[in-house]
Each structure stands twice: as C-alpha cells, then as structure tokens.
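Per-chain residue numbering starts at 1, and chain names A, B, C and D are given in the order in which the chains are listed.
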Amino acid sequence: MNPIDQLTQLFERFPGIGPRQARRFVQFLLVERAGYRNELAEHIRLLASQTSQCGRCYRWFAKDSRSAGADKKCSICSSTSRDAGILFIVEKDADIESVERSGFKGLYFVLGGTIPLAADEPEKHIRLIELLARLESDASSPYGGRTSVSLTEVILGLSATTEGDHTRQILQEKIFPIAAGLSFKLSSLGRGLSTGSELEYADPDTIASALSSRN
Amino acid sequence: MNPIDQLTQLFERFPGIGPRQARRFVQFLLVERAGYRNELAEHIRLLASQTSQCGRCYRWFAKDSRSAGADKKCSICSSTSRDAGILFIVEKDADIESVERSGFKGLYFVLGGTIPLAADEPEKHIRLIELLARLESDASSPYGGRTSVSLTEVILGLSATTEGDHTRQILQEKIFPIAAGLSFKLSSLGRGLSTGSELEYADPDTIASALSSRN
Amino acid sequence: MNPIDQLTQLFERFPGIGPRQARRFVQFLLVERAGYRNELAEHIRLLASQTSQCGRCYRWFAKDSRSAGADKKCSICSSTSRDAGILFIVEKDADIESVERSGFKGLYFVLGGTIPLAADEPEKHIRLIELLARLESDASSPYGGRTSVSLTEVILGLSATTEGDHTRQILQEKIFPIAAGLSFKLSSLGRGLSTGSELEYADPDTIASALSSRN
Amino acid sequence: MNPIDQLTQLFERFPGIGPRQARRFVQFLLVERAGYRNELAEHIRLLASQTSQCGRCYRWFAKDSRSAGADKKCSICSSTSRDAGILFIVEKDADIESVERSGFKGLYFVLGGTIPLAADEPEKHIRLIELLARLESDASSPYGGRTSVSLTEVILGLSATTEGDHTRQILQEKIFPIAAGLSFKLSSLGRGLSTGSELEYADPDTIASALSSRN
C-alpha cells in the first residue's frame, strides 16, 4: 500500500473520522508546509514522554518540563486548595473540563469508560478495582493517605444515558457496602431540565426528576 | 386570488408550516376523497362549539356532549382525586400532557405564553392578573373556594430557556410578596442532566445545578 | 373520542405531519379567532366545487367563477400561446410549478405518481392508459384533436430517483412502439451536476452524464 | 503552553475540525498504544519524502520506492493507455478520484482551488499561469511535447457552485483566445438533475439545463 493510503487508514481510526475525511486530512497535510507537518509529527511522537497519566485520578496531563520527570500526580490531585473530602467520578478526561467550568472544587477519578449493558465483567471496561482501592484508602486512612482530609462524599457523575445509568447502578452495588463501613456518602448528579430544554419535549423521567428536585 | 392560493395562504399560518408545505397540504386535499375533506372542515368549524376553555386553568378541553353545555371546568380541575394543594404553572396546554405523563397529581394553570425579554407590560403576554387572582382566592379562602383544600405550593414550570427564565423571574417578583402573606411555598423545577445528555457536553450551569441537586 | 383528538387524527394524515405537530395544529386553531377557523373550514369544504381537474393534463386548477362552471381545461392546456408540439410528462402537480419557472413553454401531462419497483400492474399507480390515449390522439390526428399542431416530442420528466428511473423505463417500453408509428421523438431530462453540487461528492453516474452532456 | 494544548491547536488546523474534536483526537492518541502513535508520526513526517507532486497535472502521488526517486509524473500522466487528447481540469486532487470512478480515460490538471468572487489576481488562487503554459505546449507542439497526440478538447470540471461558476467564467475568458489559435475545443460539464434529486425541488437553472441536454 502506498504512503498516502497508509496515512489515510491511520486517520480513519480517529474518533468520528470516516474514509472521506481521513483522505481530506492527508490532502491537507500534502499541501501544508513541511514545518507544520514536522511539528505535528514531533508532538504526536513525544506525546507519551511529555505526558503522564495521574496515579490517583488516572487522567492524562502534561508533565512539568522543569521537574525531574517524576510527576506522579496531576495538578488537581496535587493541589492543596481542593476539597479532598469530595470525589467526583467521571467517565473520561474530557468530562473533567466540563465539571471544572461549573466551579466544582473537589477531586476526580476517571473510570476510563462505561460498562456495556451486556458486559459480564465490569472491571474489564472501567477502572473498577482501582476505584474501590482508592475509596478504601481515602476513606479509611486519612493520615496514612496523601491528605489528612478523610473522604466524606463520592459523587457518581455518569452521563444520563442508558449505558451511563447501567454503569451507575453497578457502581452503586459495588460501592454501597464499602460506603457504609467507611462512612462516606454516595450520591448521584441530579436530573432535571437541562439548560435550553422545553417542558413540552421533556420525557416523563426528566419531569419527574425536575419535580422531585424542585427548589 | 384563486381558491387554491387562498387555502395555501391559510395553511401558511399554521405553526412551522412554510409556503411549500402549505401547498403540499392543498395538493393532498385536492386528491383526497370528499368525505375526508368534509369531515376535516366540519371538525375545524365545530371546534369552538365542541370545546371550552377551562375557567380555572385556562386550558382547552372537549365539552361533554351529554352535559347541558355548561362545562366551565376541565376534567382535571373538576376531579376530586387531584391534590388541590399544589398548583403547577405551565406555559401552554401541550406542557400539561408532558407533566401528566410524569405522574404529577396536582392542579395546573396555563400562562398562555412567556414574557419576551424586552416586554414592558408582562400582563399583555401572559395571564398574570388571572394567576394572581387565582392564587389569592385559592390560598386565602379554602372554604370559600371550589375546594376545602388550601394552596400549599406553587410550582413554576417554565422551560429552561432564556425567555422561560425571564418569565420565571418576573413571576417570582410578583408572587413572592403574596406567598408570604398567604403562606404557600413558591418553587421552581429542578435543573440537572436531562435524560440522554452527556456530562462532556453539558453547560456549566446545568452541571452546577446537577451538583447542587445531587442525591 | 373527543373532538380535539378527532381533529388531531385528521391532521395526522397530512403529508409529513406526525402526532405531535398534528396536536400543535389543533392547539393553534383553538387559540385562533373564530373568523380564521371558519374561513379555513369553508375553503376546505368548497375545494371540490371551486376546483377542477383538467381533462387533458390532469392537474388541479381553480375554476373561473365567472364562467358557467364548464371549465374542462386548465389555463395552460387552453392557452393558444403554448407550444402544443412538446409534451412534458411529470409525476405530480407541484412539478409543473418548478418546470414553469424554468421557462418551458410546451404542454404537460400529470402521471399522478410513480410506479413502485415491485408493482405488477403499472396502470394502477400512474395514468398510463390515459397517457397512451393522449399520445395517440395528439400525434395521429392533428386536425381532429384540440389543436392543429401535431405532437413532435414527448419529454419524460421523472425525478432522478430509483423509482423515477423505474417509471421512466416502463414508460419508454410502452411509448417507444407508438412513437415510431406516430413519428414523435421520445426524450428524457439530461442528467448532470445540479446547481450547488460539488464534483468531489458527485456519484459516478452523475459525472458520466455530465461528461456526455458537456457543452 | 503544555504539549496537550499544543497538539490540540495543531489538530484545530485540520479541515473541518474545531477545538472540541481536536481535543478528542489528543485524548484518543493519549489512550492509544505507543506503536500506533509512532507509526502515525512517522507517516506524517515522511509524507514529503514519500510523495511527489506531479510535474504535469500537479496532483500528489506516492513515489515508487523501487525507482531512483526521480518520479516526475504521476501514474495517470505517465500512462500510455490514456487519451492524451482530452484534458479534464479539476479544482483539487480529490475530484480526480470521483472522475476516475465515472470511467473517464483522458488526462487531468489540478487547479489547486477556485477563484474567490472578489479576487483581483486570479493567478494567486489557482495555477492559471501553469495551466495556460500547459495548454500552449500540449496543443501547439504535438511532436515537441511529451506525447505525439495533440490536444483536442479541454473540459472545465468546476463544481456547480457560485465560486465554481466564477472560476469557470474567468478560465473561459483566458482560454478562449488561445483555444481558437491552437484549435482545441473548450467545454464544460453538463448541468442537469443529479442522481437522487427530485423535479419538484430542482431550481429553474437546473431544470432549464436538464431540458436543453435532454436526450
């Protein structure tokens, strides 16, 4: 296969990119100046060495180039100004950016996905074992952990989709037994009318949730 | 103007219908059998005489053909099994159907619209005067009113849109002074993730609401 | 069933209208003034008496209210300034308006639909028998027909869709034998790039047609 | 700026990619295995050395790795089985793939874009000078050129868009004077109904073109 087709196939694996757009990417790169192409290739190649996956929340972050390369924790997990008593569990890295914009000041844990409806082994789809270990560690040993603040609440921040709901239910089943023993609260994001939605087109579940969370 | 163009223009006033679809409606009617056309015309013509606007909630309902034509109240307002202590304020008739599907069992009041952002006189756009009169009547005179149950809560069920929010604010300003004196609670529908929405694409306000209504 | 639901069901039969929009139509009519409703009902009821289907091209047209009610032909078919030598065959009335805007000055014949791919009897789906009769009449007896101009060309103006192509093929099979004997030409609309389309996204057939009709 | 943001910005320059999708690309790459990332980077970096721009038609093509690196012409331009008498002028490389699927067997010339409506100097937006030089060379010196076949037709294969039409007009103005002297024909792709389009929704220009190219 020729290099144009090979690069096209590599781009086809990008999320949301089909054969036609993959080919447009290659055409775009062919016409672009070499400087841009080299810069892009270099950044892709160095991505692994310039980034780290946080050992606590599992999100990816840029390493501090001045540090000795030993970044184990991301800026949020290592910040002393965040409320370490509240842990917000999200599906993926991009969710954290959305939650940050809402003003949340606690910590995060990235599941790395959701659990498909038909999945037999949830721990193959999300970081379930890592999550349970973290909850035990954070909740039971406030002084042995990274912080002197003990975990008081775990918020399940799954999407309001079928698979998100399914994942939330499995997480609740797994976490509830621990939560009682370790005395932290387990909560889920409130449902209701999201900004821009009209009552006429809202589904019964959303209206029922909006009614029960009326204020 | 010829009758085909005249009927096209009448259909163009239907909500969401442009000139092209209006013309398709006329073509459809031309080809349909006379029986259907006559039935449609008859139902449109008799709509006023066969329906009533409820004197309490202002929604439109089908008159009971067996009654003496004196229907003043719709089936919900005249039902004895509804909780007359809770009043759900909606923008339009269609909202009631959505709320009914959620299992709500109180009463309704139809505003008849929302208040545009630049409007000077809110009462020209919604049934503000009628609403305030109803609240005073229901809340102050439980025995003088249609029911022995006094009003305990008014829920503002506006859409989560800019104009819906604006209308809600004006209603709050108008109702709060009365609410205190008449001792009913004034609440609004909870905001949050509506069914189907993903955290990554949720706006900061929706996430903040979902966080504060977490449960 | 109550009159609101009945009218909703009648509107659901309109082309492209689902249950939700049908209900919005009824809500719209309930709030509209009686004058508009009565006018609409009257126009729908009188549609049959105020319009005629042209006896030659089969399109619907508004009757001239001054005439004695004996309009048998539409304005195009009865015009003396049209070229009666060219007959443009269309699927439906609305196509005529589009073709008129292109400046065509011949006559029309409305098939009343297309022939489904699996149909056994084409004449049950389109006015095939009426069309063949008209072609024989127009082509063979220029002096016995309505005009002294003999038919010289028949243009098949089907849509460039699968069902349109299928209908065109069947019409060609039926008309070709007659065309030879009666000496008129049978043609089809040219294919090519339609306004707004880009070469990159054009299908091979369209490009091949555009190439063969290059000028 | 950190490497994640830097790579996001580089992806934002890809055609049709906004900040959100650019970030998803980076997230995708972070989670992908290093092997894929390195392969992608390597292919992007080597794109220039593994591809050539054809010296005759200006499209990009993969170099033959076995050749001495002296590929000056693409496979189409160097083929002896193509009809060198017909030159198809296209806007961009991707157009060639579409035209090839239609069975065209002549040669191509890639303009490299279209001329914006307000542009003063057309030659800054497309390869106008290169095109005119090629036409003179191909048409005047059949034996001095790369082929013994003299140019007999030039097809303007612009898109049927406003800017495509504008570019076609300017090319016609520039080529017509040469064409007469050099005795090749200048043609444009035929307009008409493109596959899938319906007569009812076709614009007057398209119908007029379909009528004049009827067959």
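Heads up, the rule we're going with is that a contact is a pair of C-beta atoms (placed from the backbone, for glycine too) under 8 Å apart; a residue touches a chain by one contact, two chains touch by 3 or more.
The structure displayed is predicted, hence computed values, not measured ones.
K.L.:
Going by the touch criterion stated earlier, list every chain that contacts chain B and also contacts chain C.
P.N.:
Under the touch definition, chain B and chain C have no mutual neighbours whatsoever.
K.L.:
So what's the Cα centroid distance for chain A and chain B, whole Å?
P.N.:
40
K.L.:
Can you check how far apart chain B and chain D are, centre to centre, with Cα atoms defining each centre and the answer in Å?
P.N.:
Once rounded, the distance between the two centres reads 57 Å.
K.L.:
In whole angstrom, how far does the Cα centroid of chain A sit from the Cα centroid of chain D?
P.N.:
42
K.L.:
For chain A, jot down the residues that touch at least 2 other chains.
P.N.:
Residue numbers touching two or more other chains: 92, 94.
K.L.:
Got a list of which chains touch which?
P.N.:
Every pair of chains meeting the touch criterion: A-B, A-D, B-C, C-D.
K.L.:
Under the touch definition given earlier, write down the residues of chain A that touch chain D in their complex.
P.N.:
Going by the criterion above, the answer is residues 2-7, 10-11, 13-16, 21, 23-31, 34, 36-48, 50-51, 53, 60-62, 92-94.
K.L.:
Quick check: in the complex, which residue numbers of chain C touch chain D?
P.N.:
For chain C paired with chain D, touching residues are 90-92, 94-95, 98-99, 101-104, 155, 157-161, 164, 187-215.
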